[in-house]
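Read through the structures below before going on.
The same chain A turns up in both complexes below, where it pairs with chain B and then with chain C.
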Partner chain A sequence: MTQGRNPEVTRPAPGQSFGAGRLARFVKGVVWLLVVVLVAVSITFALSRIVPADPARLAAGLEAGPEQVERVRQDMGLDDPVMVQYVRYITGLVRGDFGDSIRTRGPILDDVVEALPASIELIVVSFTIFASLGILAGAAWAYWPRGVHAVLLRVVAVAGSAVPVFWVGLLLQIFLAARPDWFPLVARLDFPVAGNLNHQAAGIAEVTGAGLLDALIARSPSAMLEAARVLFLPVMTIVIHNIALTIALMRSSLADQLDREYVRAARARGLSEWRVVVVDALRNALNPVVTMLGLQLGWLLGGVVIVEVIFSWPGIGLYAFSSFQSFDYNAIMAITVLATAGFVLVNALVGQIYPLLDPRIKEAR
Partner chain B sequence: MSVAKLPAAPETASPTRKAGRGVVWWAVGTVLVLAALVLIPGLLAPADPYKLDIINRFTPPHGGNLFGTDDSGRDILSRVIHGARYSIGSAVLIITVAALVGTVYGSLAAWYGGILDRLLMRTVDVFLAFPYLVFAMAVAASMGRGLTSTIVALSLLWWPSYARMIRGQVKSILNDYHIRAATTLGARRGQILRWHVIPHTYNQLLVRFTLDIGNALVALTGLAFLGLGATPPLPEWGRMVADSKQFALLAWWYAVFPGVVIFATVLNFVLLGEALRKRSTS
Partner chain C sequence: MSLLAVEGLTVTYPGGQRPAVKGVSLEIESGRTLAVVGESGSGKTTLALALAGLLDRRARRHASRLEINGEDLLAAGRRRWRQLRRTDISFIFQSPINSWNPTRTMIAQVRDAMSAAGRAGRMPELMDLLARVGFEDPERRLADLPHQLSGGMLQRVSIAVAVIIEPALLIADEPTSALDSTVQSEILAILGELRSEADLAMLIISHDLSVVARVADYVMVLYGGKVVEQGARAAVLGSAVHPYTRGLLDSVPRLDGDRKILLPSMEPGHLPASGCPFAPRCRLVVDECRRVEPDLIPINDTLAACPPAASSALITT
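Up next, the complex of A and B:
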């Protein structure tokens, strides 16, 4: 994006990057992150203590007698005063200890680390597709506002934002995976299942846990194709819902820029259309779109749960879902903490993109 | 949402142009249809939504069962009609609570200003920094399954955005000339807030309210789809789609029709909201 611009303006010199102002901003950001996570934990914690369900009862199992349940309760520390439990939980978090899962009986962090790659693969691939396609389509719509494509894009933009994600996923399954079996559906016995790439069947080693990446590492084109086929429907589901907002916002943002004086002035000076529209107007128009894409990522952290449940995608969303189902409150809180921290971090990173798009923002800080 | 610092233009009664009038009829029609579905589903539904009829399970759509029947032989159309009370009713409830709390909170912050304002708005920022769907799931799951916990979870998440919007509006209205006039004439503070400030926020509030009912319906049915919402046998729409999942190969209509109804309802609110926004800005 910096092409054709004075590089000194947009990129700070290496020595400047850790100035006092920057450090202060960094510290402020970290404090903010901690506050947000702490509030999220406290709310979830408070609510999980006023509910009728009894975690000890669930952990002890159905056959357990009253004494056994009582022993489990003591082991889990559930008979301590609530404030003691709260402080214990927070100090555990500070040490990076999320506690044990009631359901899988292992440390939650291990479960999360195992499930994370599959989710990151799904999120990164979907995000890349809907962000780039959405920006392109929205820009094209703003530049050529009339025509068949404009009508089509309007339908996509309106319908996509109104359609429930879980329903899209289910329809795609019924009409693309089940009737004509173009895409994998039954990787396991229980219907509707697409699941992640089966590494053994594809004959490749599981290095990262993300199918596409592992196939790339194994240099196996057939495994890559299979991984892409497996990814296709879940990714489509996310893209259909999320591309709508991107298209609509990109269109209105660029259309607004194209109306401005500076565009007319640039054209009057005889600059090339490419230079005026893509280098100048598009760059300015991207600012609100970037903000929205950051928020979309926050939505994705939750939306991915729905998509993973529909397609039995073995990621963090499916793990979250199973935790909800079994009232595994330790896991639920761990997921809340991680998702909240992830969302705050993503938005902090998004904040770093603005100065690249608009150097004035950096100077103003 | 940035609010211009310029004094707001005085409100003028929008001209009753044809387009504007169409939107009003549309809104009235929507409210009437939904009110009928929520209040008197028994009169509209062709059959009992809870009546089991195992022999006629998975009947494809036909004259007697326009939407077909489900895995227990219940009429899907009747269930959808009865489900409006739970799905739309809950969405309206969530947004009403959020709008009320947000309006009071936001106007207090704008009215008192200073440290209180900073404190209140910082709290709002914290809430807006949550990944809302994950947070709603966590809250709904922590409180135990059921429609009530989902409603609480979503209301808890929705009010901060109203608080921020209303605060911005009230702040700009307070700079307005008619407020100065009212102050000069000796109106009490509460009076000014109630009669000269809040009414000016109604226009934008209505637009937002309409759009958000659609959004809340998507969120609510999404949570219900994950089992965090209405419990069986309540015919809540998201729940119906969730139940249809395991029979999707056997009975496509079971998954399709409740989903179509959710989609159509949300679409209606989105388009109506956009139309209302155009009407209020033109």
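Up next, the complex of A and C:
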């Protein structure tokens, strides 16, 4: 990003090699991740035993008699003491066993693996769009504070964050899917199936389960177009809601940097506007934006539930919603663990970006 | 011929009650130094920025003449000003630590400046110059980030980068006010030496009369955006007639403890709408001062904007 960045900046502290410091930090990060996940699992586990619902009753069915319910209870190990159940659950988790689903009767891991690609595709595409567009728009707004674009961006920045996600989704469905029917109203109705694209109808092989990626692998332009069409409305819903904050923060952060004396000093040295604004000011302005984008991405891991329900998007969010409805407590716990781990991971990754933007941070550790 | 010639320069910021700089005229020849003196808010920084084309985009600038090297710059666009800053005008700022991007190494920023000026190939010369001005081991220390260097070190880099392009005009806005007094005098010595070597015109802004006494050939005193007195250094520092200049001179702490009348302190932002801006604090004030804005007139050895001082000067001499 910068020319001639001297590697000496990252000189290690005396008596400690740089590699060892990074390894220590990595190990610390992993331990921290495990602790957070364990706490989250424990809380969820406790809640699932406090909630006044009877999973055995649900699993056995409404028609089942008391003896049948008892048998199911014994089969599921629900008559054991809570601590025994807790230890059994944790040891299962360590082996990668999330238990069986009451609803689908299969291992939860299989369900999750099937639903995950669709969610990841939705989140990655949405995040990429609102992060990049938001940064560009916010930067343009800060650099050219007056004009028609400024008025438009102000409207987007205020309305986008003020309007609830489900309302945006419904409006988009009414005006872009119902009539005129440019986009599909919902992704797919034949849930649960892998992926968000009807691979058979599109004539492509299912490799990853993520429609856009599979179409790309199959090099099929028509399938890519179809996958993009299916993605469009849910992605727009997430983008409209999230881009507002990105634009607003980017604008104020860059405007603040552009007012600093070093910007004027760089101009005084005859540097081009591109160098002054992009290489110096923009990079400094990105720091708080990266923090917020990390939080937004973490939030999306859970927040995608509403969007997936609105558009019947066959991802982890819709799976979670169905599990809540049928009190599929094993599935709920599995999703909690995944969302927590995802959140912590994203934050750890964000922590790796800071020193790239501001070398003083690396040195301070 | 003067290297820099300005007539009737007025700068207004949006929402400002009065212009930040009003009707300022000045000339500097090569090899000469003009010091602009005034308290904060007197418009001296705005004046310096205007002369380097660095004013805020919202500021309005008017002048009847603005020439550098004989080139008329009244209609010069941003591009032309940038080109001038690359080759003809250098600027040194007050705060060395704020003059550099805190997140990039000094060497990267110095290289940026050098290549902007088209002198990327002259890095070895810059290193020599840095060593000469007391920046030890430049190859290694420039790899540091700005906050790892002291203010004096940073200001030495600023000066070296400013001078290496061999500018015709060097503008220094309070170049030593943010530094310790020992470092201050080293920096002033460096500036003076480089200036006489390079035969460049220098405009130095300061509120510190001891700095002015050391480096200036001419002195211009600003108050409320207006020139209240100007003249040769010896004349202004020795026999100033404007009550504001006299007040400034009398405010300098003396070892003998013999202080004369101190300036009444200013209420910030309370400059009068008409008449002489200094009238509310002036001991010579007459009714006329509040009505008519005085022009510069020759009184004794200087030009001063104070008719009452003229009459009292006549009486005392």
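Everything that follows uses one rule, which is that the second predicted complex is superposed on the first by the 338 of 365 C-alpha atoms of A that agree within 3 Å, B and C clash if a C-alpha of one lies under 4 Å from a C-alpha of the other, contacts with A are read in each partner's own complex, and residues count from 1 in each chain.
Going forward, contacts are C-beta pairs under 8 Å (C-beta built on N, C-alpha and C of every residue); 3 or more make two chains touch, one makes a residue touch a chain.
Nothing here was measured: the structure is a model prediction, and the numbers come from that model.
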First (chain B), second (chain C), both or neither touched by A:V305: first
Partner chain in contact with A:Q173 - chain B first, chain C second, else both or neither: first
Chain A: partner with more touched residues, chain B or chain C: B
Which of chain B and chain C A:D280 touches, first, second, both or neither: second
Touched partner set for A:I335, first chain B, second chain C, both or neither: first
Set of chain A residues, in rising order, touched by both chain B and chain C: none
Sites on chain A touched by chain B in the complex: 32, 35-36, 39-40, 43-44, 47-48, 50-53, 158-159, 161-167, 170-171, 173-174, 178, 191-192, 298-299, 301-303, 305-306, 309-310, 320-321, 323-325, 327, 329, 332-333, 335-336, 339-340, 342-344, 347
Chain A to chain C touching residues, read off their complex: 2-6, 8-9, 260-262, 264-272, 275, 279-280, 283-284, 357-360, 363
Touching residues (chain side chain C, partner chain A) in the complex: 49, 52, 54, 82-83, 85-87, 90-91, 93, 95, 98-105, 107-109, 111-113, 116-117, 140, 143-145, 147, 158, 161
Of chain B, residues touching chain A in the complex: 126-127, 129-144, 156, 214, 218, 221-222, 225-228, 238, 241-242, 244-246, 248-249, 252, 255-256, 259, 262-263, 266-267, 270-271
